[in-house]
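Each of the next two complexes has subunit A plus one more chain, namely subunit B in the first and subunit C in the second.
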Partner chain A sequence: MARITLVGVAKAFNDKQILDRLDLDIKNGELIALLGPSGSGKTTLLKLIAGLDTPSAGRIEFDGSDVTEVSTRHRQAIIVFQDHCLFPHLTVKENIAFGLRARNEPRATIDRKVDEILEVVQLPGRQNSLPHALSGGEKQRIALARACVLKPRVLLLDEPFSNLDVNLRFSMREFVVSLQRVLKLTCVLVTHDKEEAFVMAERVAVLLDGRLEQVDTPENLYDRPKNKKVAEFLGEANFFPGVMADGVFSCALGSFATPWQDTRQAVGMVRYDNVQLRRHGGITLGKIKDKVFAGRYIFYKVALAAGGELMASCKESFTLGDAVYVSCADHAMQVYGDS
Partner chain B sequence: MKWGRDVVQLVMWTAAVACVSPLLSLIMLAFSAQWPFPHLLPSLFTADHLAKLLLSPRLVEAVTTSLALALLTTVATLLLVFPAAKAAGLYRFRGREALKLLALMPVMVPAATVTMGLHYFMIRVGLAGTMLGVVIVHTVFAVPYAFRILMYVFEIMGEQQEEQAAMLGAGPLMVFSAVTLPLVMPGMVAAATMSFVISFSQYITTFIIGGGRLLTVPLLLVPHVQGGELHAASVYSLVFIFTALAALVLLRAVVRHYYRETYFLNP
Partner chain C sequence: MKAASKPYLLAAPLVLFLTLTFGLGLGYEISGLTLRHFLAVLGNRDFVVSLVATLSVAAVATLVSNVGGAALAFAMLKARAGGESVRHILQLPVIMPHLVVTVIVFHIFAQTGVLARLAWWLGFIDDPNQFPLLVFDHFAIGIMLVYLYKQIPFVAMVCFDSLRGISHRFGDVGENLGATPWQVTTRIYLPLLKPTLMATALITFAFAFGAFEVPFLLGTPLWRTLPVEAYLLHINIDPDAQARSMAINVIISAISLGLALVYSSALRVVSHVRHSDGDRP
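Presenting the complex of A and B:
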């Protein structure tokens, strides 16, 4: 368990910049999620931390000491991949014992530790199974056990649940969070699933086009995306071009008091679920143009009377063609520079 | 559904008969004393041919030399091919395609051409007519096949398993012996089998490079076939087939002994 610090870490493949000077401080014992679209360089970053690849610039520190030149073998940073990567020719016990054997621990210690960790991952008595005889979820838990039994300085999870079905994914999320707390592991979880990042992590780092655009708590990230790019990536956001003047932002939805004082062209952002639709009492009038039922929410596309469209998600039921008043609280309006 | 299974069975049996029937006629030839024209089976059997030839010292010499050459060729081929196949199968680098093509060269050019070239070279360095010289030529012809097989096996295995082992703290030796080797073992067995059989059945290369000083089973067999001595040719053929089979069965048994059977059954 260590504090992990990235200082100006960059990686290029054949002159193509994949990671662009990342700075990140991961606290000891923290579970941080690395969230980004496919191809944004998430796996690349994990490989750099684990020493499977070397950064083209910058350095990586564990507990303040530079490990950039330390070999994979001595770095004690372990990636658990999506396809679990168990050794197919070794039994569960031999798989888990692999790292302990590499450290030349005595046989009795190895046996005890294997039994203990199998209890922790709730698969006692499976010592002699071969990987092909395990289910997907069981394989993933053995892969976690194999890494955790070594008490690594950092545990790196690369989309570990994306091969599992929805229900199993939910229980594995809970399981990993509790495992991480019990063992007090520093943990980086790579995912492209926003909900997974929000549910599991203390902080979420958003990686877009090789840059860390925002590193924040799930609440802050959701309520206050730092820029338009992050808001767009997190999705379910309406954007309105408008004007800032004396701390008031005016756009097609109306005027909003903001904590920002500058005067300029700007873009306002409101999440779908922060848009209120009412039948009576309001200023901005619109008409329900489209409706999609999605279980927890109903998504509406609303055409504004003054021109333009927006999306809203809520539980109330409207029918196509209904006239509605559209509004949004001041604090739900995020305003970004017009660029 | 049932009809489909019958067809499959029919095809399989036909294939089996096609494979086994030449062997049967070889066996009958080897043991026949009289086999007049219209008869399907010999009219008189004898073990004379077998006894006479099996006891000849030349056969013992030929079998020993053949086995020794095949074993040495197999070892040399695997040692040469392993690092190259691993590099070509796992890593992207400049000249990777060139390496793949180069490794295939000896089998794309007619064998006699390659051998003549090598012969000239071996005379100069004094390897013509030696065991080492012959092993080298055999290896040249075994490498392309062994390389292909192992390269695909490495491609399928991928880098991840070795990387995982390193992250768990294993040193190069442990990564190799506990992960890489067991994972590519089925491919190694296939490559070894191929090399062994290729060396064991070499005729022209042994003939040219060995310069008549090394006697192998094919060298013993071919003159009899060409001379029309069918009984002798059959006996030698049988010896040839069964020695090769026995050696291969032994090889597999040894490998299975060292690596867990289950892995081969459930790769």
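Presenting the complex of A and C:
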């Protein structure tokens, strides 16, 4: 495993800036998620770390050594792609042994390592199977085994679960996290699925339009997005324009204490699940305008009496047209400068 | 065409061909079924020389054109946009008729051709005979040049299209796992290209094996390829010679059919590996 440091890493294609001077420090043995929408530059960044592409500017360090110019062959940062990329003409054993053979390891060592890693990925006895005979989850495990058998300094996962069905995705997430802990791998997971990033990673780096907007723990990222852009990307957020003065932010939802003392226009953000709906005992009045049942929660669209609308999610059941009181705790309201 | 009559109609040309070949009429003054002419052909030393020469020329042309074509296809793939331009250029030799190429090769490489004249003009030779014998030569260099001019572009185009259909990610994954570019080519791309190369090898071999006009026009007088031998026997007024010509044609067809069967069995093995129960035996 290795500590990865990105210093001012940038990438441009045909004068189009894909990555804009990124700085990021990934600790030894950490599982970090790169979270962003399609086209935000996540996979490009992963390829730069893997050495499959070179940055236009900046440098990449593994354990303090500059590896920017080190070829992908010698970098030991192994990437597992979304579509597994198992070699279709090779058996499971030959696929896993591919990197070991490239290193000219002795046949006996290769056989032993392949058997060991197949035990780790819980697929013993599949040595002679060809990739097309494997299920999606098995292919993903073999792709992971092929990477892990080389004991890489860094394991890079490029949306590895997006082709799997929901149940399999859940079990594979658990599997990868346990594998990463057992093998003590520094791991970078690229995903556009915030739930996947939150569930798996110790820290999440939000990449929007080629810029790292926030690198934080899942809890901090969800509860305290650094800016409106990050909050919007993470979704399930209500925004209220308002005014900030003397440490109080005032908007259609009420007044909220903030740590800032200056006076200016601002925007407040409250997550759907931080909005409380009550039949009695509140200040801000609203009416249930729409309702969507989503299993764990019911989503409500509420029309505020003072004007405007908001979304709330809770388990309580209201019917369309019900009058409700809407409230939100001070700490749940994030306030951003209007600019 | 009704389904019931389809097999008979499809088999009719073969039945007619075999009937004529085994001497049942049409002016050959031979009657009755006989293997006499086949035995006469197979026992003739000239036939053996022709067979060996034809197989050798076809094998060398197949080997060189497939190795060269595949190498060119890999280079084109590496050149990305440049490869696309080369692909357009390669279409020219593929569509050019063999006869035209044969004439071009003769005019350029013969001892009275452009290269010989250039060598004389530059003072490298004093006499046309001093120019190396590249046409009508014992080693079939002139014949080979025509085959390669046509076949290398053909193989390159087919392989290039096939390679473009193989995910470039395999190469990235291979190198990322520590393989050298050579290992990536030989352990990933070449095996994936195998079905395509099997098909191009069969086509190029069958063409070179059965071609008549190129060896007839550019071949050495010391030996003849089987199609040329068959043609010369066919235009002979001796009915026995004509029958031997037909026998040679059957042998050429049988060898071609045998190759097609070998190809189809090999392809079945490849397909079996890819699409059967998934476990490699």
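In this section, the second predicted complex is superposed on the first by the 339 of 339 C-alpha atoms of A that agree within 3 Å, B and C clash if a C-alpha of one lies under 4 Å from a C-alpha of the other, contacts with A are read in each partner's own complex, and residues count from 1 in each chain.
In the analysis below, a residue touches a chain if its C-beta (ideal position, glycine included) is under 8 Å from a C-beta of that chain, and two chains touch if they have at least 3 such contacts.
What you see is a predicted model, and the numbers here were worked out from it, not measured in a lab.
S.K.: After the match on subunit A, would you call subunit B and subunit C a fit or a clash?
M.R.: After superposition on subunit A, which the two structures share, subunit B runs into subunit C.
S.K.: Of the two partner chains, subunit B (first) and subunit C (second), which one does A:Gln265 touch, if any: first, second, both, or neither?
M.R.: The answer is neither, since A:Gln265 touches no partner chain.
S.K.: Please indicate which partner A:Asn128 is in contact with in the superposed arrangement: first for subunit B, second for subunit C, both, or neither.
M.R.: Second partner only.
S.K.: Does subunit B (first) or subunit C (second) touch A:Ser317, or do both, or does neither?
M.R.: neither
S.K.: Given the touch rule stated above, what does A:Ser171 touch, subunit B (first), subunit C (second), both, or neither?
M.R.: Neither partner.
S.K.: Once the structures are superposed on A, label A:Ser162 by its partner contacts, choosing first (subunit B), second (subunit C), both or neither.
M.R.: neither
S.K.: Examine A:Arg146 and indicate which partner it touches, taking first as subunit B and second as subunit C; both and neither are also allowed.
M.R.: After superposing on A, A:Arg146 lies in contact with both subunit B and subunit C.
S.K.: If I apply the document's touch criterion, which positions on subunit A are contacted by subunit B in one structure and by subunit C in the other?
M.R.: In subunit A, residues 50-52, 71-74, 77-79, 81, 83, 85, 87-89, 98-99, 101-103, 130, 132, 146-147, 150 are touched by subunit B and also by subunit C.
S.K.: Which positions of subunit C touch subunit A when the two form their complex?
M.R.: 167, 169-170, 172-180, 183, 187-188, 191-192, 194, 273-275, 277-280
S.K.: Per the contact definition, I'd like the list of subunit A residues that touch subunit B in the complex.
M.R.: So the residues of subunit A in touch with subunit B come to 50-52, 71-79, 81, 83, 85, 87-90, 98-99, 101-103, 130, 132, 146-147, 150.
S.K.: Where on subunit B is subunit A touching in the complex?
M.R.: My answer: residues 160-161, 163-171, 174, 178-179, 182-183, 259-260, 262-263, 266-267.
S.K.: Looking at the complex, which residues from subunit A come into contact with subunit C?
M.R.: Contact set of subunit A toward subunit C: 50-52, 71-74, 77-79, 81, 83, 85, 87-89, 91, 98-99, 101-103, 128-130, 132-134, 146-147, 150.
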